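These are the structures in question, set out in turn.
You will see two complexes here that share chain A, one where it goes with chain B and one where it goes with chain C.
Let's look at the complex of A and B:
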């Protein structure tokens, strides 16, 4: 039985693959520590037992894609002292936000035998488009060390130490040789939010932007450099149109590439 | 074969094969030996245990935003320019825990710092521009009243084996900055690779007692005048091959007198503000600290990491970032490097190594930027562009 005064943690899921919630279960050793410091009041992925709100900290996974979800997230917000989104879906709309650039009724008509049974929104949107969000944790999926930092920060009422500069900073700190400069591999790292620890370039491939836009995004400059390195603007467009396609900076960068053919 | 007794300022010649002995002598003296080696398609600095790990027979082709390894026709050991790493990786480390505090069972708090590295470094293959860069970081980090104890501990007693460049890279401009290609000071031993007509040897000049002591343990023979002559010629050859030039005449006044020059907008359109130039720069020293605590608030630690003036947080004051535009951040970096560094530390902040040019993903070249501003100056008393008065507010950014 949790002692009184222990902060109550809830984990919520909207439209998503569950991978970010799994990062919490992946914490393994630290999970016991988390359980010692917070009362895990609602976490369906881990236990069907649920304790009623309000909650001190709500971790929200997934994007809003149905009218019901748009209502439900408001209820979650009302029950939560702090609300933190986890992952690209909750923070930017996720891969499913590709629907935002297409005709959703056409998809439904093509896929479902009885389209009238389907109730969905024409867009997949970030949680922050619907309610106030206290912190957005990036990544597809999130990094569990960053998740622990966020939980520790909110429990202890301090600011999470999670920088929002480019992946390049992480690459250089770990001594990785720039794949763009040395191997002419197209890399989205200069536009992408740090946090993963610059995993992909360390394995000789380009960053594909799963942490979404960094604090400063000069997409045109990078697109020109990709082109000079032999990568077409179509390739850049494809990379921008992935897990964070609906993040404002990536969306407008892709639209600019559209306009310029 | 035992050579002559070598004093400070003396020189001997060693065969290329004797580099392995040199590495082993240094290791036997207790040094952690760091040198150039190939990794991930580039020549980087890492721990080496034998000469075979050196980039023998390789060179690098460098241009703005481009770096490629290429096989040489010969077996030159140091036949390349500088790569993406600099020695600050070891002296002014990218990530450092400054202290760790833990709540004790009696409720008190105990704080501890991590121990400094147990062994001293020996750096092999330090170029003249890099010796200058280390001297600049010495000045910044331990030359003033507030000394960085972590840098001091790593810097103390480093055994420096310099290498005089015998060729220059595509983005090199040490001649412009007066920092090379020949090492003049700050080393224990300086090697010049002499490679022709089937000979492959090194002129080794000793600049310290311990340098002489170390090289005495390596098979050597006395240097002859023709060796010194060949070394001087090789340095002259490198000096004539500089891939870039920077006209430094009045560059401080040039830049500070053109803070509103339209070229800053032009370069800002190309700049990613990714921070790569500052990370690879051997003199850039800025850091930030991050504080972390564990879930139970029982352990707290402060971590220092390399920072960059290209991040928004770097100039974050109450209410937001002072340098919100890329233009203001690029201008801050370049004017600090080439102009206000003089005011602050009495030297230029640039040593002409060319790393910021090569490792910029979009190939921005500071020598081009300076020359664009220089060549587009107010002439004949009629300014081409308006230059604000010293009190001018510009666009509200620093």
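Let's look at the complex of A and C:
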């Protein structure tokens, strides 16, 4: 059968909002073409059929927040030639990692009347904390054009050609005047990984860091610039402690702000 | 004793399963088991600035982030005493139309229609029904184009904020969408005829339908709730009339009307309560399909979603034609004088979404309550399964599983939202 020769793609979900895997279904113009080139072997959100592994490419959405998930991700790794995390939850623990800084039993009691029925870990951790990851695609949510590049790259056994500079570079390319310089709007763009296309500044708001840290960052310099723009350290701390709170560079930048009061 | 069990419900957003146990020919019990891990959002927003809330609650659901943003903004604006300019309300309605179109098209063509025809997914369905799948994708794309133009991106839009929007999209960026929306409308009207030819299980439930009161318009964002059994309340009185309870088999809470128990929200509720506010063209399309209120067959919700797609496209085109970009993008929120509580209700694609926040004088969230539509429909989903289950006795396990999944999918459940769902176990 000709189909047996196509690479097998699997999509996995851990703790997440489903938005990153939805990005694949949001490729309205490309979806049927993708399905012609790869065998979508496992994608629970889209299909009730599943083909057994091993898989050529596993796309993993979501963070690890339960003991069962910590075991399941090892099984996914064993079945996957390449494993790519999609989005901030899988790459950095996501918004769920806010629990890493707080008291989880207290959180559960705030949401559930009978906490004893609930099984969850006290941390939300990235996939790379548990297994080897071949590529991490950033974003909350990911950019579907970048997702298509990642799929094409891994199917053709090459590295994805995606830049790791900051959002500032994307503002320059887009022709957006710096919102911090021109309007004194506090912006996390200088610390934040590119990929979104610098949407927020183009809409007149500061970047809030949903793509996580860029490769080289200078958080101290940005904290001073925020202060000069009239924003408090508390405000910058809050932005760092949001969708990529447990990413190393954001975590340490927030801790530095803590130490300096 | 026999059991029918689906470990993972496919083609739903999030993780859950169904277990149906039989004793002889009698259904012993039905459990919709939600094991999507708890996601604790109500705790995360505590101590955060109210301004951050629409960005945080959007992350509850990648399929309907606009709904979370709209109910959040409405509730916080209620707490702060902000009265929006009418133009801002209209732009929010347009953004919401985009989400209904995108989410309904995903559910109707990619997730639910394959059940009726026996395919595992839309990609397999496309081998024999390519035209309808392509039409569905084009409709979905048109909805996403609205969200992108106003919100900045399709998933987790960045432009909505408490008090309005960060910036108003230029009129030209919306007007240029009209040809795509008109063509999607034509595709939706044709798809309705296709939907009308599907085989519908002969089944009716005895439901109380609850929806937002949209005044003289089909509801998106509102301030009150109504039902077909006399409920007529302000969103502020939600907690006096509804209660949430926790069950051991589920990480999602179940909601009930304190006076009468289970109820249904979503497209069927809106259609039955607000049919007269649909456009004449959409009402006529419904009549041609012999679908007029009251409709108590949940399997026909797929047609109602199709009607709502057509309606939302018409509504969007009208809203764009009337749109001007020369007003203020937002009203700067006043500083809160004291701690106050605000309430917001809106119609997510899958049903009513209630938010409540207590905001202190420093603008920080003290307490939050979020009741997603899937939690509200869970009790009715279990009732439907219990009533459909006797038909499963004579079916193969694969057929029984498909019927159970189709029954659940009538409600377009969003399990990621509800955990703050699906796997079928049938014991026989």
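Simple rule for what comes next: the second predicted complex is superposed on the first by the 256 of 261 C-alpha atoms of A that agree within 3 Å, B and C clash if a C-alpha of one lies under 4 Å from a C-alpha of the other, contacts with A are read in each partner's own complex, and residues count from 1 in each chain.
Convention: a residue touches a chain if its C-beta (ideal position, glycine included) is under 8 Å from a C-beta of that chain, and two chains touch if they have at least 3 such contacts.
Nothing here was measured: the structure is a model prediction, and the numbers come from that model.
K.L.:
Consider chain A as the common anchor and indicate whether chain B and chain C clash or fit when overlaid.
P.N.:
Verdict on chain A: chain B and chain C fit.
K.L.:
Which of the two partners, first being chain B and second being chain C, lies in contact with A:7: first, second, both, or neither?
P.N.:
A:7 contacts neither chain B nor chain C.
K.L.:
For the overlaid complexes, name the partner, chain B or chain C, with more touching residues on chain A.
P.N.:
So, of the two partners, C touches more residues of chain A.
K.L.:
Per the contact definition in the header, classify A:213: touching chain B only (first), chain C only (second), both, or neither.
P.N.:
Touch partners of A:213: none, neither chain B nor chain C.
K.L.:
Contact-wise, after the overlay, does A:18 reach chain B, chain C, both or neither (first, second, both, neither)?
P.N.:
A:18 sits against chain C, while chain B stays out of touch.
K.L.:
First (chain B), second (chain C), both or neither: which does A:195 touch?
P.N.:
Neither: A:195 stays clear of chain B and chain C.
K.L.:
In the overlay, answer first, second, both or neither for which of chain B and chain C A:176 touches.
P.N.:
A:176 sits against chain B, while chain C stays out of touch.
K.L.:
Now for A:204: first (chain B), second (chain C), both, or neither, which partner does it touch?
P.N.:
Both: A:204 reaches chain B and chain C.
K.L.:
Quick check for you: in the superposed arrangement, does A:108 touch first (chain B), second (chain C), both or neither?
P.N.:
Second partner only, chain C.
K.L.:
Report, in whole Å, the shortest distance between any C-alpha atom of chain B and any C-alpha atom of chain C after the two complexes are superposed.
P.N.:
Result, nearest C-alpha distance in the overlay: 11 Å.
K.L.:
List the residues of chain A that touch chain B in one complex and chain C in the other.
P.N.:
Residues 204, which sit in both footprints.
K.L.:
Flag every residue of chain B that touches chain A in the complex, lowest number first.
P.N.:
Per the touch definition, chain B meets chain A at residues 39-42, 44, 65-68, 84-85, 89, 94-95, 269-276, 279-280, 290-297, 305-306, 308, 310-313, 326, 358-363.
K.L.:
So in the complex, which bits of chain C are touching chain A?
P.N.:
Contacts found on chain C: 8, 10-15, 36-44, 46, 48-49, 52, 55-56, 59-63, 65, 106, 110-111, 114, 120-124, 126, 130, 133-134, 137-138, 140-141, 144, 152-156, 158-159, 161, 166-167, 245-246, 248, 251, 253, 329, 405, 416, 420.
K.L.:
Touching residues of chain A toward chain C in the complex: what are they?
P.N.:
The touching residues are 13, 15-23, 25-26, 28-29, 31-32, 35, 40, 43-49, 65-66, 69, 94-96, 98-99, 102, 104, 106-108, 110-114, 117-118, 120, 140-141, 196, 199-200, 202-205, 208, 210, 235, 238, 242-243.
K.L.:
What does chain A use to touch chain B in their complex?
P.N.:
It is residues 30, 33-34, 36-38, 148-149, 151-153, 155-156, 158, 161, 163-166, 168-169, 172-178, 180-184, 187, 189-191, 204, 215-216, 218, 220-222, 224-225, 228 of chain A that touch chain B.
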